[in-house]
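The same chain A turns up in both complexes below, where it pairs with chain B and then with chain C.
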Partner chain A sequence: MAKVFIYPVTSLILSDLVARFGHKPLSAAMQIRERIQTAGLESPPLQVTPEDPKKGLKYAAVEVPSGVRGRMALFGPMVEDADAAIVVNDADFSFGCMGCARTNELLAFLIRTRGIPVLDLVYPRTEEEGIEFVAAIRDFLAGLEGK
Partner chain B sequence: MAEYKPRYVGTVTKYVFVDSPDMTPSDLALRAYEISLGVMIKETCFGLQITGKESEVDEIINRLRSLDPVHIFVKDRGFPPGDPRRCRANLGGARPGYYGHEYELTLIKNVSKGLEKLPSRPPGAVPEPPVPKTEKKLDVHTLKKIIESQES
Partner chain C sequence: MTTKVRIAQLSCGPEYSGVQKEIEEAAGAVDAEIFFPDLKLSDIQRDNALFGLDVRSPDLKLSIARARALVDGRVEADAVFIATCFRCAEAAIVRNELRRYIHENSNLPVVSYSFTERTTAGTLLTRMEALTTIARRRALLAREVQEGITMGVDSGSSTTKAVVMQDNRIVGTGWLPTTEVLKSAEQVIELALQESGISRDQIQAIGTTGYGRFLVGQHIGADLIQEELTVNSKGAVYLADAQHGPSTVIDIGGMDNKAISVQDGIPGTFTMGGICAGASGRFLEMTAKRLGVDITELGPLAMKGMSREVPMNSYCIVFGTQSLVNALAAGSSREDVAAAACHSVAEQVFEQQLQEVDIKDPVIMVGGTSLIKGLVRAMGDLLQTEIVVPHHSQYIGAVGSALLASGYIKGE
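What follows is the complex of A and B.
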């Protein structure tokens, strides 16, 4: 079972398909769950600790808006942990905590620099595209077995 | 600053979306309550949210998914249902979010068709997935020439 980073990290379709074909999707929900289930001092909306901005600084300089660093504190460690990635390129960037376009660009760059297998797709607009979309993901994930 | 005591520690929450001509979210909820095994189930307009120990939640989801495998979709959720930081009851109006789900649900029938047709697809057939456009962008040297031509 490989760890597959999905982009958009909040995607229902990718999260379901990766799990359905027997792998572990790395999505935003897992990072958020980890934080809100950790006891400590209340810091709504997430239980963000002083460690999180430090994690973000690994990926973006201090001059970069804090929203980018905050998001990278969640997503960056997942990219580093991933064995592969599936990227949907025409995603609508108003996806909840996916909101910042600069973070999305940085994330796309980080995925490329990791050197892991990446499957690039766009959302299926027709049923025929849907069949090819699912087949491509299945074949890509089948090739990851044994890692 | 108040001490934060998290609720439902050690649990997972998963969304179950149903987009099926044969099953409504209410049907799915009834089935889920029948096999709930004591986990928390919240019925929603799109399906369910299930909260509980991971093994129990996975078992329920596997059983639910077997009812209509190509039309039921599952993903993780970070917050448990009713969390005061996200629940609209505490925020004083409709809560943000769900735009992604709303957007993907308009396309999900195409994915369902893919899952339906996949078993009958000949083995070894190379998929031709929808790929991103590779439009050639203006390179920096051409831009420089344009600027220079305008300045001279």
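What follows is the complex of A and C.
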């Protein structure tokens, strides 16, 4: 079983696919759940505090917008933890919304610099492309077995 | 009990910057509530295509769709708050275009703000208060004539001002540097009463504004305690005789600057802030001190100088001071340095704030800095227009307060 970072990190479909093929998806679901369920109302709707953008300094300098650093505080450690990654480019809103384009660019870059196996895909727009899309993910995940 | 003012939030990043709580706290403090307009997934694509600004960030796409829903009336709101991360170029473009779009296509008051993780509820309070005032007190803001005998007190960060008005005329004024907030207020009230020949018990209603408005207001039993954005707008159009139609009010203050786009005396959009003290009256005060002149002499001195002769960037007050000292050490004349300081402040306000409001004539400059002729000239050059500085422009907050307070005479 490998830990697979998925992008968009919020994609339930990708997360489900990774889990179905026997790996552990590194997605936003757990991070967000923890942030929502934490007691108190530090910063509703997410319990992100001004401390998080400071933690994000590990990934982006202080002149980078605070929202990027706050997001990196959540997503950065997952990239560090990943054994592999699946990146779906130009995904539709409904497939998994990643709010900040600048964070997305930084995440894509961090994934590349990790030197882990990465499956790069373009979001499918037709049924045929959809079948090829799932097949590509299946083959990639099958190749990760035994790691 | 008043109904809560519903402020629609269009934003990118505040949840992840840890400032969402601050936004909600500021809104709560003025009895308003923040909400996020609901949309269908299909609306987002359609509204973005119709809006025509192709951005990468999904949260910005969402903001665009929400703005269209507000303008189309699919979602009801009393006011709009646009917030994005400071330093994000894409967000800055969207923030500006949405503000303009909502302003031009609806009657909703709108304010935009770029935040950092250090933004606090206190910083946002005046903006939220102005939004709710415009939404809640349109009738009061429509008041065009001062009636009876009223007093306005403006407790600012640098100076405290008081004005006594009677039957639509200013009959007494008081002006002093702010030291102890209450003491300064008492002193200027005394000065204004003395000049007017009116006794305190003859005053029928009192209004307060400025940073010390709550403290002073409670102390003297004010009928109206209101933030300076709406009060200054009202005071400015009243004194400039521009109560009807569009106008733009610029107030370069001691601590922060305000640029307000006004329609029929009611603020539509406004910005408040300034990146650094370098872009404020404080820098000009410091310049005057360094040049060895009184602040009242800085304007005439600047009028004799050429700003182009001295490179100066007051983006930061420390850099500005450095330029100032270097220029004098290099032999520049005091006149040129004074002109450069005025130009630098005007340029900073122009670049950082005036890009966020629609500049429409007449442009009215108010506050103590409007008496610095060199600054007014520099601003006029940048905006390519004749700037209006009304009489008593330094008392603008006090005049606006006295005017609006007359709405409270006899339980009006």
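Everything that follows uses one rule, which is that the second predicted complex is superposed on the first by the 129 of 147 C-alpha atoms of A that agree within 3 Å, B and C clash if a C-alpha of one lies under 4 Å from a C-alpha of the other, contacts with A are read in each partner's own complex, and residues count from 1 in each chain.
Simple rule for what comes next: a residue touches a chain if its C-beta (ideal position, glycine included) is under 8 Å from a C-beta of that chain, and two chains touch if they have at least 3 such contacts.
Just so it is clear, the model here is predicted, and its values are computed rather than measured.
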Counting only touches as set out at the top, which of chain B and chain C does A:Pro44 meet: first, second, both, neither?
both
Touching A:Glu132 in the superposition: chain B (first), chain C (second), both, neither?
first
In the superposed arrangement, does A:Asp52 touch chain B (first), chain C (second), both or neither?
second
Looking at A:Ile36 after the superposition, I want to know if it touches chain B, chain C, both of them or none. Which is it: first, second, both, neither?
first
State whether A:Ser15 touches chain B only (first), chain C only (second), both chains, or neither.
first
Chain A residues touched by each partner, larger count belonging to chain B or chain C:
B
Residues on chain A in contact with chain B in one complex and with chain C in the other?
41-46, 94, 98
Residue numbers on chain B that touch chain A, as the complex places them
1-6, 8-10, 12-13, 15, 17, 73-79, 83, 85-86, 96-101, 103-105, 107-115, 117-118, 121, 125, 127-132
For the complex, which residues does chain A have touching chain C?
41-46, 48-54, 63-71, 74, 93-94, 97-102, 104
Please output the residues of chain C touching chain A within their complex, sorted ascending.
12-22, 24, 41, 44-45, 55-62, 84-88, 90-91, 115-118
Would you mind writing out the residues of chain A in touch with chain B in their complex?
8, 10-13, 15-17, 19, 25, 27-33, 35-47, 89-90, 92, 94-96, 98, 120-127, 129-136, 138-139
